[in-house]
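As written, the chains take the letters A, B, C, D and E, and residue 1 is the first residue of each chain.
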Amino acid sequence: MILRLIFRRVLFLFVVIWCASSIVFIIPRLSKTNAIRERFAELSRTGGFSPDDLEKIIASYSKQFGLDAPLWQQYQDYLGNILHMDFGYSLNRYPMTVTQVIVTAIPSTLGLLLVTTVLSFLIGNFLGALSAWPKAPNWVRAMATPFVLLTGVPPIIMGVLLLFFIGFRLQLLPLGGAHTIGIVPDGSLSSYLDLLLHLILPSLALILGSVGGWVLSMRGMGITIQGEDYVNFAEHKGLTGKVIFRDYYLRNTLLPQATALALALGTVVTSAIVIEGLFGLPGIGQALNSAIRSNDFPVIYGIVLFITAAVATLMVAMEFVYPLLDPRIRNQ
Amino acid sequence: MADALHKSPILTVSNLEVTYYTDAGRAKALDDVSFTLNAGEKLGMVGESGSGKSTLALAMMRMIKPPGRIEAGHVFVGGTDLMALSDEDMRQARLSKIAYIPQGAMNSLNPVIRIGAQLVDALRSHGIRDSRAQIEERCINALKSVDLDPAVFRMYPHELSGGMKQRVCIAIGILLQPQVIIADEPTSALDVVTQRQVMETIDRVKNQINAAVILIGHDMGLMAQFVDRVAVMYSGRLVEVSTVREMFTNPLHPYTAALISSLPNLQNKGVFQGIPGLAPSLLRLPSGCAFHPRCTKMMEVCQSTRPLTRTLESNRLVTCHLYDAVV
Amino acid sequence: MTNLLDLHHVSKTYTRGLINAKATVALQEISLTLKQEDPTILTVAGESGSGKTTLAMLLLGFITPTTGQIIYRGKDITALQGEERMAFRREVQAVFQDPFAVFNPFYTVDHLLSVPIKRFKLATNAKAARAKMDEALTAVGLRPEDVLGRYPHQLSGGQRQRINVARALLLKPRLLIADEPVSMVDASLRASILETLRNLQRDHGVSIIYITHDLTTAYHIANAIIVLYRGGVMEAGDVDQVIKSPQHPYTRLLVDSIPWPALDRRWGTDMIKAREAGSSSVGCPFRSRCPMAMEQCKTQPPLYKINKTQAAACYLHAGHPEIAAERLTELLPVRTQIEA
Amino acid sequence: ADTPAAATAITPATPLAELPRTSQLVLGWSITSPIGVTNPWAVPGYTHQEGNALMWEPLMYFGIFKDDYIPWLASSMEYTAKDFTALQIKLNPKAKWSDGKAVTSKDVVFTFEGQLKNDKLPYHAAFAQFVDSVTAADDLTVNVKFKIPAPRFKFEVLCEKFDTGIPIVPAHAFDGQADVNAYAGGVAMPHSGPYDLVAWDANQKIFNLREDWWAVGAGLIPLPEVKRVIISNLGGQIGQNMDTIAQRLVNSEMDSALDMRSSVIGNILAKNPKITTHTGNKSPYGYLDWWPNSLWMNTQIAPFNDAKVRRAISLAINRDVINDTLYEGAKIATIYPFPLYPGLQKFVDSPEMKALEAKLKPGLFDPDASAKLMTEAGFAKNGKGLWEKGGQTVNCTINGFEGIHSDIVPVLVEFLVAAGFDGAVNFGTNAYQNMADGAPGLYMFGHGASLKDPYAALELYHGRFSNSIGTPAGNNRFSRYKNPAYDAVVDAMAPLSSDDPKFHENAVKAMEIYWTEQLDVPIIQWLHRIAYNQTHWTNWPTATNKAMGTNGAFWAETGLLVVSALKKA
Amino acid sequence: MTDATLVMSLRPSRFWLAMRYIRRNKSLAIGLAVMLFLIAFTVIGFLTINPRHAYPLSAATRQAPSWKYPLGTDFFGRDLLAAMVVGMWQTAAIGLIAGGIGTMIGVFLGFVSAYFGGLIDAIIKTICQILTPIPVLLIQVVVAGSLDKRDVTIMVMALIIVMLGWMGTTLVVRSQVLTMKERQFVAVAKLSGVGSMGIIFKEIMPNLLPFIAAAFVVQVFQAVFASFYLAVLGLGPLREPLLGNIIWSAQGQGAFFNGWWWWPIEPAIAMVLILGSLALINMGLDELANPRVRKSE
């Protein structure tokens, strides 16, 4: 029974990954662009190549990367390789493998995104729940509207504004980079503080850019729940506000929000593309951005798949967490 | 002993008045409602839908929410005026002095936490600092007293049937042995067999803790089976309060009379006698007595003057011009 | 003449979930006949979950039986097409329990009445349609100008339910399924709605299947009664007979639990046995709650004909002759016994 | 599959010694190359930019502003045949690899033969075209035999300048490497340059000075004062953080960084007077690159096969506006397909060229003349004011590259739209593909050919590169132009050295055809505007400080010369 | 009972009721007010400016806001006032096209899926579920990055955004129709002889209008957001003065560093106003569609 469920979920996971991989495989190939050629154009523009018949080198490399095979063949190989967890080499950063590109980029992104996503999730949900709660002080409830406005400020704009006012005008915080130049992070306290200092602005941009959404959705849900009979009955029972808030509001709203959290991690990577670019942080967003701009197919596939798989896995994992959050699901 | 208790009412409601301020205008949902209740007594509260029964219950709990407002009145429970309490004291008073068993027991339990926890949090919120084991024992006793298996303590609401949930709500209601229990249509969602079980349960636990019970509903049959006295509401006013027997044999108010004669019973098969006309909207109440457009005994005075509530012999209350002279 | 309605061993089983199918038997082997020439009011009673609504949905053709057939005027209703289907739609109508839910909140209440007039072409022009609507509303004691043009939430529950009845009146169906038509209406209004229903049968020859868990109203309106428990027929017969002298332990429990609005008929003093969860699908469904359960009850008891107008499915009556399920209807009286 | 050779990070085995900021040089750059790749043959991952040029050395450098060769691993390199078919290389006897082994002719032969045989290496095509054989005469002497006269081979291939030329690689480092293209190299790779890679992660790349650098001992150069070079990763997309890079330079976080937009560099200087540029604190703040940009087009497809249309496009472009609006008055707009380095400046200043220019007016902006030509070519304006023939507008989508063209291309498009050409911008990832395929439209791209004389640039339009439609054109040969008369002129130039009068005569002829036929539309000279922060380091290469004569870009092949010449402030 | 009131308050005959309602529903009021302001800005703008000035080389360059150029000009010589007007209009076009098509697809699939059920439902639902964890914007970036920029017009941009933007609406509509389908008035309509189409369009659809309106606003929000995002990355139609494009080109020229703050800030503010008002309207509509939320106000 439970095995069957796990089997079905894993199957689902595979289908999701297959769909995502097919989409990312097909779309960039719709234009006839030869990734290798674009790469060599880049190289020859920055020099290092004799302008003489580049085409020969291009043909040679196209062969090595299997780009000269018929599309169908490429697709098969591609799927086969994915099954082996082998995304191949980056075209752009050969002989680095796609896995290495991701592994290099992920710590920075993960550190930034995980922290900001979780923080904005917590802050947003807390404020959202509060703003929906009739017993909350008026000023807390009034905060909902500014937060809705915040949902209208995409992280990139938030980043640009923060950079302009705090970075340029006030010169309060570092303008970019993950740490002070020349420091080799050695795990010491000071190197962490240095890192933290550099991450304040990008984190703020990400948090402020996404917290509004949480406030909104949590508020909507909180208000819905507030009309539920069991909340009324809780008041009739003479429970303290704290208990009602915690056990009757939060417990019941957290469930759908948890799924949304898993999904949000996927969308936040998109914000990372712009934020990492803006603040010169070498993470997965940057890796993806430059891969897209240089037709580095394997890296594009690798990253999109990685993120999709991560989100899908989280979602599936959530389904196994649900029963812990909501006993009603346990029986099904 | 019973007699001694009967002498001093455990619950006194006086001049309660509630208004809802809606978009469409003001609706006076409770107008000058007063009655008393003795310990161990069961009062039925009947009336058409929208006549203000639930509003009365909520007002007694001080749980009227905006756009509603309690405009005036007092509710004395065992000598304390609930209306005069601070918010915190009122919170404490709920469940410990006056308990409310909700209308929709189906949805009144938090679906994500165990039944046990929902009993425990009620105790803890009332400053009970006993050990875990003691508290658990107390809860299990409460469950047992409503005929539930102690195993229910560890169950979730969705694992219970409607009748069981209703009984859990009753168990919560008696947890702190309140002096007054208000049950708002506790069985309208249940079938007759379960309904009977639940009513019997309420009766039994009431006897255990000697509380006064107010049963809200519109099923006269249920009232006949269960309560001692019946209060009839019409458009936010209490039009009659009598014992069941008196009400069935000698209804005073024309509305009550119509209500009684519209009841089906085994003797009068096939006779249907409704009350003509419609209940008025609270927003546009007729002048004078709200019932006069439907009243078979309407007099001129009824159209212009609001009748006052009078206490007749044997403690019956009635609000009707017919009895202006009697007093 | 063909029968108005024939149910041949109709069963309905709900399965939930595609993979781990969990089956609920909602209705079991019901056979029933209604004659065209004898319009009647038949009550189907039973507690919650006994399959009453399922029966209504089957009769209306909204769901199809798992086994068995429903024959309407000689035709299997699942096989109806085109004209015949339209005719069936028109001739078999319903009044539902919740007087609010049947109104589309987007429209004024006129919608409820004007749509069928339009669809079934009951009137040739708007004026005739309006006249028809007025007539039907007046017949249920409403003043058309009071209700027409209003939104459902602007009317009281009683008014809404009466409009429902007016709708049934307007269509003059041959068969009316009334699924708990008064359970959500104030006691004071019940009487007038029930009266309208009864007039429909008496004056317009409409057969009514009155579905309820409320034996009081059943007793007052119906001629015959079928008592269901977990989808199976427990007892059937003349309504007076069954309610005044119930033979099946389940019917007895039901009747005992009715909160009669009478001072001389009180509930018994002994507490009744709580319903237990789960029961095996074989044997008498009431077995687990039955105070008189016997070893025998592990097999499904047949219907025993106790007297001319009463039968019960219980081994307590094993001395009486068995009666085949499809002949059950023969026991049910048809003519209304007017005004005692 | 072979084992992955690259790494995800290189961490120093022991913590790096603390150095004062004054001994460290911080350079801002976008590092996109694969971590751990130091092997010049790990193509296409390897790039000499991003610091690798500090590890590798060529036979000779060419100091472009000094206009002379700078012998390095080779002490001499001479053509030994009059017709430029043989070349002898003598190595510096003191040259050593970082592992202490001597640099010998074996390494040179290995390097050359590698390029010749391995068609994945960047100079394979050049070697295959010219080189017949490479032999080691002794440990320090290498003889190269050419198949055909190769007068420019020494300069183009064997010398490092700008971003071209090849480094010599150690033969022994490749022993046992199955696939030399997949070998990353890492820190283990022996190299001849003075800086060792010591740390590399996503944020930065750190090099330490190896004080036993052979060139110091050989007396080529004093010991560099820069003890450590930190290349700080600015992130991939420059456009996104141009503001911050400029500000960080002003804040002296970095000593130098990648080149700046013309709109930005002036402000950098204004905000920090310690910062200087190639031209000091005066416009145009930069030095000339070898990569003048033209609007190229496929001269084989309609309507660009019509010289009138090509000329009309040129006439629609207002080069004064380009200079004034985009480049703060610097004279950037050009009419030549080559950069005006000393040798080429001499060429264009010759009376013949001046006369030709006066006659043809190649830089003229004249919308009326443009319109006249278009009408002659059979076009008429449609309702939207765009030229149209047979229902087709002139597709003037300009294919270009966002990172470098985002200032100029939008302006060009407006010129074209204003003159009735259907202009648009394509900074897509297929821009280069379109150029290579010869898709309709205009291609903004450089020439990257001539440095000393116009031959290399003029050869780009030779008919032998005129691939037929459907096959990709070679890099920088997007014109696909075919004209026997033109080919004859260029062929005549090929075997001649640049100072040959015949060469000059033919070059002028070729330029006449280039302009009249408008083979492409020259737009701008390419400038590198690099900020040099003198807070910590001085003696940056500038127009007046030609000591090393290089172009001053630390990321170019000559970057080692820039870094090693720096003096503490 | 309450959803009846809300539907009615949408009716023109209930204009004053609607006004009164809006006064209570502050987010809707503010959102609509800002939206009206933006529309007025664009419309009046189109009447007063020359759209040609939204393109480079049409004005003096790098002018700070002044009487002549109220919003200043940029490095390329665009009059930013004209650019704002045209950009706002183009943003609206993308939002409306993408939002409209997306909503139509979503509503259609949602209805088909829920109303007919069975295999169709299973397929549509599964597709939605499968596509949900795929980060849509990421795919859109890949798509936009892979296209020939010549082909990226405003319309194409909208289509890219529609491509993966319909699942949310589908699922919302589907679940709404599923509950709606079980409502008794549908059964009554069937009894009244109404056919499938009649039930879908005459009985169910009108009741879903608030949901569809909310879904539409969400779709427009997402479309505007996505188009802005792609444009900021330089993946949109590059010549057009899309708000994102303006920021993109400002960043490319170091506008902040050079002190041309108005260049990126103006489109940023415009975008915030657009997205913010959409979010507020969405929240307001949410209150309309969800009676419980409304009750609390």
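One rule holds in what follows: contacts are C-beta pairs under 8 Å (C-beta built on N, C-alpha and C of every residue); 3 or more make two chains touch, one makes a residue touch a chain.
On a predicted model such as this, the values are computed, not experimentally measured, just so you know.
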Graph distance between chain A and chain E, where chains that touch are linked: 1
Chain labels contacting chain D and also chain E: A
Intercentroid distance (Cα basis), chain C paired with chain A, Å: 57
Chain C and chain E: spacing of chain centres that average the CA atoms, whole Å: 50
Interchain centroid distance [CA atoms averaged], chain B/chain C, Å: 32
Approximate Å spacing (C-alpha centroids) for the pair chain A, chain D: 38
Junction residues of chain E, two or more chains touched: 145-148, 251, 256-257
Residue numbers on chain A that touch chain D, as the complex places them: 31-34, 36-58, 60-61, 64, 86, 89-97, 99-100, 103-105, 108, 163, 167-168, 175-179, 181-182, 184, 186, 274, 276-283, 286-287, 289-290, 292-295
Chain A partner contacts - residues on chain D that touch it in the complex: 1, 4-9, 11-12, 15-16, 21, 24, 26, 31-37, 42-45, 47-49, 119-126, 129, 156-157, 162-164, 181-184, 199, 201-204, 206, 230, 232-237, 240-241, 243-245, 247-248, 251, 253-254, 291, 401-402, 429-430, 432-433, 435-437, 445-446, 448-449, 472, 474-476, 556-557
Residue numbers on chain A that touch chain B, as the complex places them: 134, 228-230, 232-240, 243, 247-248, 251-252, 255, 325-328, 331
Residue ranges of chain A in contact with chain E within the complex: 12, 15-16, 19-20, 23-24, 27-28, 30-31, 33, 132, 134, 145, 148-149, 151-154, 156-157, 160-161, 163-164, 168, 212, 216, 220, 223-224, 226-227, 262-263, 266-267, 269-270, 273-274, 288-289, 292-293, 300, 304, 307-308, 311-312, 315
Touching residues (chain side chain B, partner chain C) in the complex: 48-50, 147, 161-163, 190-197, 199-200, 218-226, 244-245, 248-249, 258-259, 262-266, 268-275, 278-279
